[in-house]
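I have a structure here, written as structure tokens, and I will follow up with some questions on it.
For clarity, chains are labelled A, B, C and D in written order, and residue numbers in each chain start from 1.
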């Protein structure tokens, strides 16, 4: 089975060129003008549109049991929605309960994800610590293609990792050549503020952002980064939502530390006024952590992307419908945290990024796929258009205009945080593993066609870190010790 | 009993003037030229020297039980040494053991301090938390003249306060109009690094700074500041030793937060090469926490003082003699942490500050007394030369040159971290509570003449913080809630 | 003639105390509780209000010939309005035309100012350079009590000082112990933008801020500061209006450089939406340089004041009435630049500063008088409440509420940029040189009662700068030179 | 003619892979494992070494007439030395005298460069302004393949461009889609300091850095960046040598501005102690502008590279031999400014960058070729290993150790600023336009084989800048104007 995408302009993270793309056996076989391809290949006429690497969403939660319920979106529906938006891979999260063996949880999630229709991988959360966790991290990295671990600095009393767990796990990750990642919010402060806010009479969703102000995120981001610095480990901060944590990242990067930051499409364009919406369901629909922020933070996040201090864009896709959100009627701390977005990220980024002059199309590719692939060490298999790469592509029509709405989206949720936003630029055709899976507004997928993507450990930065550590290692002083007689 | 200091140039934090100073009943009665004073007053001829407020050292540990031993300097010898150097007040620390009632510890320390020969006060440490701590904080503030509380973010397994204690105690301090202070080092990281460093074969004092790098301090300083920010509390960081924590302070101050930083004379002029001294006793003598740092940090600290981001200078005077230090022979983590300095701070600051063109004499007064008095709310009783203020003065001879040495100092310790440093400028005469206590190189004090100084709570900044909190307080949204029927 | 102000709370930059203030012969004679004063003194009952140093406005332009017209406010009316608002001193500007001898201009301005009803001094502008300017700077400093020189980095083709003039003049100021000050805007960019903006069809006042964006100010501030740094001179930036120039100041101060920044009351509370007001006269009334900025800059300026990176507050009081402003109908570059404020600065600062929790009353005094007095070396004669100081005082009623309006103000201008703002806190009584000049809403002054205040050169910072320069001066290398034979 | 490089590991800016590289007709024809290539191709066995894009040195001065002499290195010898070090392209500078038509100068330089043995291009300097310069910039861009213009902010009285020239030229560059670049030093300050330093008795080379301190560079960098910001133009700062200018770049990039910075290999590893060398010839050999800096700046520059705030590395290769340097015997301002390095840049960067753990091999490629190619819009023709790209390659032996010396280098100069430095990693084979030009320590080139490389204008960032400008353009306010009657 082979496929020729012709007549398009290939746009990658580092160049733009008129070229056809020929795919065979799920991979890109050739890129160039006037390709000589075997007869019988399926042909997609790009019609002058852009051909880009399919998006990678490095932060989703399909079928997640959380806060007493389970997200409405499962791996099949979620990856299908992703494809409809031009995203061809996701990295989801395995989140063990405290005391649950990591391998058990991993197997459970692998089972849930079997029905995916696009490629996927997993970050595995370290929510507790003992020798078995240490051992399971090794098995996950060496045998299961996991090269990143997640840590929650919030959710006190549940999955929060105190400094001790962070330190142990980061050390282990370094040994294994794996990337530690954190959800950065100071859990103690969140807990304290939740009580205070409730005491002051707040019950509705507007209490949510008040209990998780930017300083709380900035503190945790800085703490995780400092721990990583001391241990000589790289680190990746998920869903950076505010200038405080961006500043912590920026400060560290300016010192030469290998720190990475992810920003959600939602945090770039939705502001915190939503929490004061007079309709409870609407306000509750936006409850996620970290919460949406004021416009000042949005502006900072864009600059973070533009300056390269934030490298990746994601969605933290985590769907709860109105009836689930209502579990928190009367107590905002009980509203399940999460919003959708896996389908809309690419369009939102294109419209507010490229069309607005904030980024070039190449920078768009870097931010939506190539950088995530590099950081999580699957580049150029993913995130590139080069012979040998997986044939995950999107034919992007920069002129196509559409209005985002829950009424028309493919996500399994009754709300869309971008509702009513008209964007110019959208996925005309999506190709996954060499198959046309989205075209003419129609999905064409079969359950389980998605593949689990193993990610190798020891990306190139680890060798540099090792050399750095060796070069700067101090030596003990050789001394004659004093004796009691002296 | 009255005293006239004549012929000097009065230097305070905000002005310089030719003036005589007349003291009566322990207080300053008049300041001016050609004062008309009662007959019979003792006269000190300043001979053209400078008359400045006596120094305040806001960070000392006299007679401290610590790491299995007790400091060699007690309240009598320590305050006497202070007077010899021009320092007329200290603020020491009450450090309860975990589970020990704060009031019990406070009474113990008050007893130990009775023999002081200069004025003194206490910060009280909060090393644990329960309702009794909450209650005792109230009693200390309201009845005992304590307006500041100390928290150790290091010393895991001993007196370390985790985030939960910090949050509870900071909240309580705000209620009481008292200042929280922290020793900022991430205790988990220190502990981890100690193990790692020992595993790499380090046993000597050079292992000490490796286990407490600047990042570890910077992390903790930032965390404490963020917690204070979220809670709306002012905060004071003791012994800022590195650019990382200075940056955390500076960042916060630039945002308008009320954050204060203290720097030790030692950190300004001693660098970390001392830990690699071939003589174990010498290297061990410098073991304190945070450790001495590289010259780059020294330069940063001076700039912190000059820019006003650090306001006070102190010593963390905490004396252990060579035989005590040797408890850590073979294991640097067992070397008692602490160095002396209460006698030399003023001269070191003058020489490297004023003589070097880094500060004006007025700025010297601010950094050595007035600012501490303001922050801890005893200004202008202390730190000023104005009618009504305590007659705590130093007649400073800016031309007098001397070489600092353990052989000649008055401190009860067999080592001086400034050994061999020649400084120009020293205390010719020290006056405490209107009495000449140091003159012609001779101390004239009687045991117990020092007084416990009660410090009132609610310094002016608390009113501003209250107005700020009120102005920025959000209001709940008034909503009609959805019902199941919707 | 003597005056007793009783029953008040004295508030200075460094303390707050219940005290009466006794004034005699134009000076403060005593400060204390239950003062023993001669019979016959006039008594003002402060009635529990605050007694503070009278305000110093270090930046006004009375009777200024500018852009083809002359300001509507002269020295008499302007200083009277100042007194009505609690400001008892101004520092105005002598602005020679290019090629005009500085001494000539100085004498002209001295003549104009003779009728002032409050105390005043002058900064003298250096708008060109030759040997006579060098010489006149010396005469002004040594004989005439001028200790500061102004430089305009904007107004190309008129009074703009290019780098060469800045360098020459700053060097000379250092020699003389005088402070260089700058109006920081890049004149070349302003000129270019004016042409561009006009080419794009802008004729109205909204073109004004577009031609002077914050970057243009930030560039110039940084340049002036760097020149001062290289030459080892202190520097004072007038009317800092944006975060860009604040950042330049802050950066330098963090490096230990002696840089000072002034902020106008207007820039703190008026934003740039005024330039888009549909009424031309209203929009034009706000035309001044630098222009009012967006709210983001306002927030930054407040933080600059709070962090101490901005030290003084002023008004750039420079009045043009509507008929004068209309000179720029059809061409915004011809609208005379300037707005009023000398009367309202104190109230605006109190209301938005102290009442809002941004500053304490002591910090208010620092920002409205003491800091300016220190920087321009007239402290404690001005800016303090201490025996010997000039009896320039304001009895401040923190509860008095009023609404600012051109209809009721004493300024000689038909517009008020704070029109309609209700402020709590105002001057109940103003005392100048020991005389009650404002009370019960009535001015009681006679023409010419104000005095020219000579300001001595070589404030204390100059000695520190000299020591610093000496300590860090490099030495030539002594070498044997190569010869042709080698 | 075709060439196969086999057995190597291909390293590009974004990936590392085992692959052979097949070159035909001067271009890369195929990249992959086990390539099927025509018989008869020349084969280079990479023997496990790395195959990287040949270096691009974007800053050289071959055959430059400067300061009364001409550099000893011409285009032939210089490009040959470049090839010996693995650098396959240079971008040199056309520097018209003031009043000289740009086209005339361009033709002169094109003539001089005809004999080059590696590919080359030109930045053209704008040293003065009138309409002809405006017109010639257009011709150079549209007809001659120049897409960057250089401006000297120093060299007062010679080629210094005042703000007015910068503004005019930057505006013009934006119109043309060309990149403005600057040599950033404040010429007025340099001139003033030169006089001062000489007055203080400095005659030798140690006077040189004193006359050009980092602040002088930082000021100019910031000014150029602000001008670019105001005009909406991208900007490239050549030879960033100090933290001050790095900070200006970083600040701007953090704000989203498109600013680029270049660092010289010399500034990364040579410090300013060289100017105090007792041998005059040695000290003089290091005279270049900006001068070498202290180690603190070196550390900052490395971090600049690591954080991505500096993107390119260059040499400012500009050779003067000892007899030329001696023109400045007795007056350091007359020592011709310039040092060599085009041959050694790659090895110095590899050794101190990659071997030291500061950068990965991919980051090395970005810093030595790919980034320059992208910024100057010749990527992927240069700087990439991809079919269609120019076959400019270096086979890099990471294990080969050598000691740099003037005795063995190929540069036409009697001194090497890296003399005695042993580096591990060097160019085993260099391929230019598909020809093996350097192998086994031997150059094999013929005069004039190098090609002039036209660089197209309007790199992708210009489209983004245009969209940004359009999105943020303000509109005039439509008003009814007041009339005299009102």
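Convention: contacts are C-beta pairs under 8 Å (C-beta built on N, C-alpha and C of every residue); 3 or more make two chains touch, one makes a residue touch a chain.
Since the model is a prediction, treat every value here as computed from it, not as a measurement.
Student: Quick one: which chain's Cα centre is the longest way from chain C's?
Tutor: Checked the centroid distances; the maximum from chain C is A.
Student: Taking each chain's centre as its mean C-alpha position, how far apart are chain B and chain C in Å?
Tutor: Inter-chain centre distance comes to 37 Å.
Student: Quick check: how many Å separate the C-alpha centres of chain C and chain D?
Tutor: The separation of the two C-alpha centroids amounts to 46 Å.
Student: Mind checking the centre-to-centre distance between chain A and chain C? Centres are C-alpha means, answer in whole Å.
Tutor: 52
Student: Think of each chain as a node with edges to the chains it touches; is that a line, ring, star, complete or other?
Tutor: Shape of the chain contacts: a ring, since each chain touches exactly two and the loop closes.
Student: Dump the list of chain pairs that touch, please.
Tutor: A-B, A-D, B-C, C-D
Student: Which residues of chain B touch chain A in their complex?
Tutor: Residue positions touching the partner: 162-164, 167, 171, 186, 188-189, 192-193, 200-204, 206-207, 210, 213, 215-216, 218-219, 222-223, 226-227, 229-230, 247, 251, 276, 278-281, 283, 322, 326, 329-330, 474, 476-477, 479-482, 486.
Student: Using the touch rule from the top, collect the residues of chain B that touch chain C in their complex.
Tutor: Contacts found on chain B: 13-16, 32, 250, 253-256, 302-303, 306-309, 354-363, 370, 374, 379-380, 384, 386-388, 460-461, 463-471.
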